[in-house]
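You will see two complexes here that share subunit A, one where it goes with subunit B and one where it goes with subunit C.
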Partner chain A sequence: MFAEFLQYVFAGLTSGAIYALAGLGFAIIYNASHVINFAQGEFIMIGGMSTATMVAAGIPLPVAAAAAVLVTMLVGVALEKFAVEPAKGADVTAIVIITIGASIFLRGAAQVVWDKEFHALPAFSGETPIAVLGATLMPQSVWVVGVSMAVIALLWWFFNRTLFGKAMLATSFNRLAAQLVGIGVKKVLMVSFALSAMLGAVGGIVVTPITFTNYEAGIMLGLKGFSAAVLGGLGNGLGAIVGGLVVGIAEALASGYLSSAYKDAIAFVIILLVLFFMPSGLFGKKGTDRV
Partner chain B sequence: MNAAMMLAPRTGGLAALALVVSLAPLTFPNAYFYDVAVNALFNAVVCVGLNLLVGYGGQISLGHAGFFALGAYGSAILTGTYGVPPVAALAASAAAVGALAFVVGRPILRLKGHYLAMATLGIGIIIHIVLKTESQVTGGPDGIGVDAFTVLGLAVAGDKAWYWVGAGLLVFAVWISLNLIDSPMGRALRAVHGSEVGAEVVGVDTGRYKVLVFTLSAVFASVVGSLFAHKNGFITPDIGSFFRSIELVTMVVLGGMASTFGAVVGAVILTLLPQLLASFEDYEAMVLGGIMMGTMIFMPKGLLPSLRAALKRRRAAA
Partner chain C sequence: MLLEIQGLASHYGRIQALDGIEVRVGEGELVALVGANGAGKTTLLRCVSGVQPATAGAIRFDGHDITRMPADRRVALGIAQVPEGRQMFGPLSVEDNLRLGAYRRHGDDVEADLARMYGMFPILRQKKDLPAGTLSGGQQQMLAIARALMSRPRLLLLDEPSMGLAPLLVAEIFKAVQALKDEGTTIFLVEQNAYAALAIADRGYVLETGSVVMSDQGAALLADERVKEAYLGL
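For the complex of A and B:
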């Protein structure tokens, strides 16, 4: 009974950690530019695919992972430079179409660079399950949660303890004021895309041994990450992490106890219910508009 | 279609549209063109409805393919499983989809911007998953066959017949849209788009108008969905996928938001595009994504309004 429950929670935490990383990616870009980057899921896909290919070619995992993160960050910066920055000042719908166009473009590119097949990556430290209170935990799940926590801690340090991180926070609070005190807002925007791409890539790399990856793998992961970010309140970093874990665990419990066919629908049912009653998410600021 | 026609006054525009759809078949060399043209007309009708919501009301919907799919499946199941006459099935599906949109519209349209995008996206995806999963009713991912569309014993058969159904429906939809925009409801909607608070201050019940136009656009999608099901003879849940919803919004935005004819132009272009891109094979998705980004970066207001502005500038310079 309890072992079964624990088993579902483990599964939920594993996918929840990935959603949290993706959700954080949405939040960081949203804070810097008020853009929702629908290509966030493609960062996850590119990170996973690049690593899988390089490892298959015989490159050691740490080197391959580092290179994959770098490649994904370059893609993120290019996206910002060539698609988002030129459209500055366009309205929300236009920007949504641009980033969705970018996600379709990147999927198409992945199809050309790689193929439509699934790619696998061996687990980082073997596949001997660890027994915990009657439930079993795969070592790769520990990697997913551990690496996610490390990355989140690193981000916390960056935003709270470094000058540039603080400058990014300042820009998210008030862009004009930040500009007036000499913060390079353009650079902030570019770094935000690089950071989000890094988060996506890291998530993609650690999860690929569990789920495999193909050129379409980013679609659902990206949308779930968006749900996580909205659930927590757009632009709230902690909210995105909590949102990701809530979505992941709810999904795992629902597919275990109710119906696995509706696993993918759960995230969206939760988000609709929350938005019906709390229109700015769990931790979002109550919106007051200046007229 | 030349630029002068697009610039014509409102009534001229409707007449010109009727003329274009009546004469277009003269240029079709074979039956395949009719098939593509019917799809273009159907998409155009959905987009004219969606444009009322997105273009005029300023409310985004990333889930409209869900309503289209519900209409299609409603007709397929009612006629196939229960033997309801197609016209009655179409009307019943449209009424049910309208009721659904009305009920969910209330809480959803209180949301703004990205939150609204998330909520409509969620509804679309949930509908898609339900259609895929409830295979006893819907046939599951493999799809379901649909009988021919018959009115009083007469069957609409062949792409030529469907072309005229689509053409008639499009002219009718454009007529409704043009009249609605100049009605008190249209003015209220445009006020909501301009400034929701401003509209409320002058006494517009913004919530009511947003829900009404959301419902209306959902009904447009449902009716076209029903006809599409009968025309195609076979449907799968993927007609309600997230990608389809995106495609519909892209058509509206590409042609030009807040422009009824822009929505028609956008729908026609984006329906024809895959046919033209077929020769690119593997690069099709990259080209499509590139076009979406390029249009929005260089013409954020969409094709038609940008063309119109460019023409005006040239005239002023001359």
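For the complex of A and C:
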């Protein structure tokens, strides 16, 4: 009984960590520009696909992973430079639509660069399950949660302890004042895309051994990350993390106790409920400590 | 001349906010810009800082043509602004607001300047770890001035620093402005409180619906019948 519950929670935390990273990606770009970047899921896909390809070609995992993160960050910067920046001055809605277009383009490009097949990645440290209070925990789940926590800690440090991180926060709080103290808001926008791409890529890399990946894998992960961000209150870092875990656990419980057919519906139900009943999300706009 | 504005025009969409502006501010001067609501005072300062585009004319700072220069590079050149409405980074701490004021400076002694600001406005030291948004209006105005000074500006633009403050605080802010001038800071001061501004200014400009209609020594403007009638309520 309890073991079963624990099993679902483990599964929920694992996918929830990925949604949290994606949700943070949405939050960072939203804060810098008020744009919702619907290509966030494609960052996850590109991270996973590039790593899988390089590892299959015999490149050691740590090197492949680092290179994949870099490649994804370059894609993120290119997206900002060539799709978002030229549209500056346009309505935010128009830019959001541009990011939807970019996500379609990136999926198309992925089909050309790779193919339509699923790609796998070996688990980082074997497949021997760990027994915990009657439930089993896969070592890769520990990787997913551990790496996510490490990345979140790094982000926290960046935003709270470095001058440039604070400058990024400052820009989201008051763009005019940021310009007047000499913060280059263009650079802030570019770095926000690079950071979001990094978050997506890391999520994609650690989760691929569990879920496999293909050119469309980013669609669902991106939408779930979006529902995490909405649930947490768009632009709120802590909210996105909590939102990601809630979405992950809710869908694991729903697919465990009800039917796995409901798994993907949960995220959408959450988006709708939030939009109807608490449009500013769990953490609203009041929070002062944003990751 | 440290700041030279020639034939400056600026628009919001099709609405023209500034037309043919000629303004000069010399090194070490305190120059006041007065004018009624909506005259274009804020727009002029926004053009100087580079957060509002000029549609005609030129702005020169210390000999450089900065008319098209991005805002962040103008800060690096030495232009700082205390904007209308204070514009805090509300959720960030008082000290973070100050440190961000020095964003464009590298390496040199930011800590010493922090101490100097806390010396000038002791209340800010007491509140240094609180979010800037929790300060009172007067305290926020002090923080806005201190934040601008953290960049060690060669030209300080002040947009209505006394707005919305109780008379005692207004006096304190004007005292601070006077002290900065005495230290040699070049100041371009926008005020609706024309009397107080012209009283401490070396020179003044009067702006009406986007154009400069008068300019003279501060004292001369204070004595001018038309200025008295229109702006001093005398």
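FYI, the second predicted complex is superposed on the first by the 285 of 291 C-alpha atoms of A that agree within 3 Å, B and C clash if a C-alpha of one lies under 4 Å from a C-alpha of the other, contacts with A are read in each partner's own complex, and residues count from 1 in each chain.
By our rule, contacts are C-beta pairs under 8 Å (C-beta built on N, C-alpha and C of every residue); 3 or more make two chains touch, one makes a residue touch a chain.
Given the structure is predicted, the values throughout are model-derived calculations rather than measurements.
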Exercise. Superposed on subunit A, are subunit B and subunit C clashing or fitting side by side?
Worked result: fit
Exercise. What is the value, to the nearest 10 degrees, of the angle subtended at the Cα centroid of subunit A by the Cα centroids of subunit B and subunit C?
Worked result: 90
Exercise. Just subunit B (first), just subunit C (second), both, or neither: which does A:L180 touch?
Worked result: second
Exercise. Taking the superposition as given, does A:I59 touch the first partner, subunit B, the second, subunit C, both, or neither?
Worked result: neither
Exercise. Which of the two partners, first being subunit B and second being subunit C, lies in contact with A:V92: first, second, both, or neither?
Worked result: first
Exercise. Looking at the overlay, does A:A67 come into contact with subunit B only (first), subunit C only (second), both, or neither?
Worked result: neither
Problem set entry | Touched partner set for A:L169, first subunit B, second subunit C, both or neither | second
Seminar exercise, completed: Once both structures are superposed, the least CA distance from subunit B to subunit C in Å comes to 16
Exercise. Across the two complexes, what residues of subunit A are contacted by subunit B and by subunit C?
Worked result: 287, 289
Exercise. Any idea which subunit A residues touch subunit B in the complex?
Worked result: 30, 36, 83, 86-87, 90-98, 100-109, 111-112, 219, 223, 226-227, 230, 234, 259, 261-262, 264-265, 268-269, 271-272, 275-276, 279-281, 287, 289, 291
Seminar exercise, completed: The residues of subunit A that touch subunit C in their complex are 163, 166-167, 169-170, 173-174, 176-186, 287-290
For this session: Please give the residue numbers of subunit B that touch subunit A in the complex, ascending.
Result: 54, 60, 62, 107-108, 110-115, 117-119, 121-123, 125-126, 129-130, 133, 195, 197-198, 242, 246, 249-250, 253-254, 257, 282-293, 296-297, 300
Problem set entry | subunit C - residues contacting subunit A, complex | 49-51, 70-76, 80-81, 83, 87-92, 96, 99-101, 103-104, 131, 133, 147-148, 151
